[in-house]
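Consider the two complexes below, in which subunit A is the common component and subunit B and subunit C are the respective partners.
Let's look at the complex of A and B:
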């Protein structure tokens, strides 16, 4: 009796440990990579983008806009964060029971239900299939931003990464608008005259750009302010304690951590939420529900007549 | 190790990031959303089942209660009927017993009266005989001769009747 009771639990515990390792190890690996490849600092204020781990031959890294294949810290950290999130998902849903006993099951249910409620409020009952996408988007954004708490380069402070998400959202908005056929889509754009049409097109195109720059700018500014404050505190401790402060910058202990609660945790979480909210609002607002329902009814009638 | 500029847009990085989000969407859907929704559906089904069971139990209980109430009213009616029947039986048998007793008593009384009458008649006859005998003997002794038995009896009878008549007139 006892054996049969403890055996599955022990097995479950082993799986749990593996999953926790799956969550933690990628982040540790990212930190190790960062430590191994960070060039020795000059001591001055250095603000730059992601480190480039791999570049196509002949690629010019200093170019602002480029089409060359480059793998940077941002991509590596994104993938590691994705592995962590996968581990977290598996951990939360491991051993789901109808009668919930575990905290993690409550957390998993909470995530799904809260996101569903958000979608219900912002997009309507009809778009509940968006739930996993919004969860994935928020999770990736939040965890990417939070990697800066570990001293890593946050993937969200790379414009290309956020721009990729924004372009995906742009496609989703287009798909929502065009789901009733091109006629409804073009009618929606050109209904109010040529000037408004031009504005509509510009607005649609500007949506992903503004979303990407908002998210990127907020996280990046946090990182920049973190660097600036760090160097400022270093200088200040040097001024207060002389040579000792130069070698051992006392003021750098603690104070940047407090500030990072705002610049990394709050700002990162808020930007993830805003990004997801805007996605929901744009997709939900772009979807012509009335036209779709009309079309749906018509199709139904045609099918009934055919039958 | 080189670093990028702080603002860069790289086509490959954009494509990789877009694919990353798509892949994570599939991962979350497969490993978080689906299992949780499945579990919630199971829970809903279980809750529905429990509610259904409760409803069924309630219905059954109500039906039982109704059946019992009906049974109770039936039982009361039955009991009333039994009591009525029993009391009727008791009345009837009591009446029969009473009638039997009365007729028996009447018979006894009638028999007693008859006996009394017979005894009375016997006694009367006996007395008459005795009186006749005595008077005959007396008359024989008195007259010293045999008289006609029959004549004599008739005479005495007439006398006794006369006596009875006069007593009846006295009374």
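Let's look at the complex of A and C:
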């Protein structure tokens, strides 16, 4: 009797299991797809881009620009990661209470609080509405990079995926800069003479490129180095144990795993953090807060006079 | 045809190697940053966590130029030879 009193929430179990399945199954599906589509007779030591899962009749990957429908591993994996993250979010926020009892609610609150503090420090109190976007960005980036731990192709090591995020951030920066109307936007660009104006425009256009290349380069270089080390260790163990006849890659056990702690886990997490941090700094720095407040006050006065 | 292909492959490899000279810059820059961070931690050990996180952030941004070079080198090794060879074949086919 007492037990049921101290633990009253027992009925959410089935939902929990379903949500955990929602987290795990997409990743399993990605692995199965990868196994199904990997052509036979290829070893693990190959550096290649994302595999093409579906291509329109006779279309080549270079024809993507001309409108041919091509679905690659990177797209599929990033959508599966999104489903998995949705499951995680639903799991963490399932059965929220005013006074947190469950571990998952503590974790969810910890994530939100940390991100809010980050935004307060970097963008100011005014921009707290950015919290969901920043958490989503960070979560997507971290989970996408971590899929390489499962042997999958990390969507972040495909330039197109990361460039898409960077373009999204670029438009957010433009929206933040242009929120007070085109006059303030152009004044901000052309305040310091024509030469600086040109530099400003180039700098604005270069922002998404540099953000995308930074993220993509870090994750992809980790993947390339991992493959190179794997093949080197395979060759080394072949040279050491080649005399015994059957070559068993002894040195490939464990050592690449230790290295992947840096190249996959640390680098992936750090790049996600930096991507989110730069988003915050650019958007917060581009937002003309004083002008916006002035405009807001004026609008309020006009509305009051009208009333 | 073989000579042209050989020149393409060799020049792509050379270009990749030359591009990676850019690795010197981030190396020096990050070394400076870490040295200053060590000095700062020595002066104010209580600010260690803040200094470390700022340093990692700065290092990651200073790394960008090196990564540009890396991206270009990898493109030169894995992408450029194929597309140049296809171009060469097109030209040869046209003749």
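The rule we apply is simple: the second predicted complex is superposed on the first by the 277 of 307 C-alpha atoms of A that agree within 3 Å, B and C clash if a C-alpha of one lies under 4 Å from a C-alpha of the other, contacts with A are read in each partner's own complex, and residues count from 1 in each chain.
Just so we're on the same page, a contact is a pair of C-beta atoms (placed from the backbone, for glycine too) under 8 Å apart; a residue touches a chain by one contact, two chains touch by 3 or more.
These numbers come from a predicted model, not from an experiment.
*Asks:* On the superposed three-chain arrangement, identify whether subunit B or subunit C touches more subunit A residues.
*Replies:* Between subunit B and subunit C, the winner on subunit A residue contacts is B.
*Asks:* Output check: A:108 vs subunit B and subunit C. Expected answer is one of first, second, both, neither. What do you get?
*Replies:* In the superposition, A:108 touches subunit B alone.
*Asks:* Which holds for A:195: it touches subunit B only (first), subunit C only (second), both, or neither?
*Replies:* In the superposition, A:195 touches no partner, neither subunit B nor subunit C.
*Asks:* Now for A:35: first (subunit B), second (subunit C), both, or neither, which partner does it touch?
*Replies:* neither
*Asks:* Going by the contact rule set out at the top, does A:303 touch subunit B (first), subunit C (second), both, or neither?
*Replies:* After superposing on A, A:303 lies clear of both subunit B and subunit C.
*Asks:* Give one of first, second, both or neither to describe whether A:220 is in contact with subunit B, with subunit C, with both, or with none.
*Replies:* In the superposed model, A:220 contacts both subunit B and subunit C.
*Asks:* Touching subunit B and also subunit C: which subunit A residues?
*Replies:* Overlap of subunit B and subunit C footprints on subunit A: residues 47, 220.
*Asks:* In the complex formed with subunit B, which residues of subunit A make contact?
*Replies:* 37-39, 47-53, 55, 61-70, 72, 74-75, 78-79, 82, 85-86, 89-90, 92-93, 96-98, 108-109, 111-112, 131-133, 135-137, 139-140, 155, 158-165, 167-168, 220
*Asks:* Subunit A touches which residues of subunit B in the complex?
*Replies:* The contact residues of subunit B facing subunit A are 1-25, 27-29, 31-33, 35-37, 39-40, 42-43, 46.
*Asks:* Which subunit C residues qualify as touching subunit A in the complex?
*Replies:* Residues of subunit C touching subunit A: 56-57, 60-61, 63-64, 67-68, 70-71, 74, 78.
*Asks:* Over in the complex, which subunit A residues touch subunit C? Could you list them?
*Replies:* 47, 210, 213-214, 216-218, 220-221, 224, 270-271, 273-274, 277
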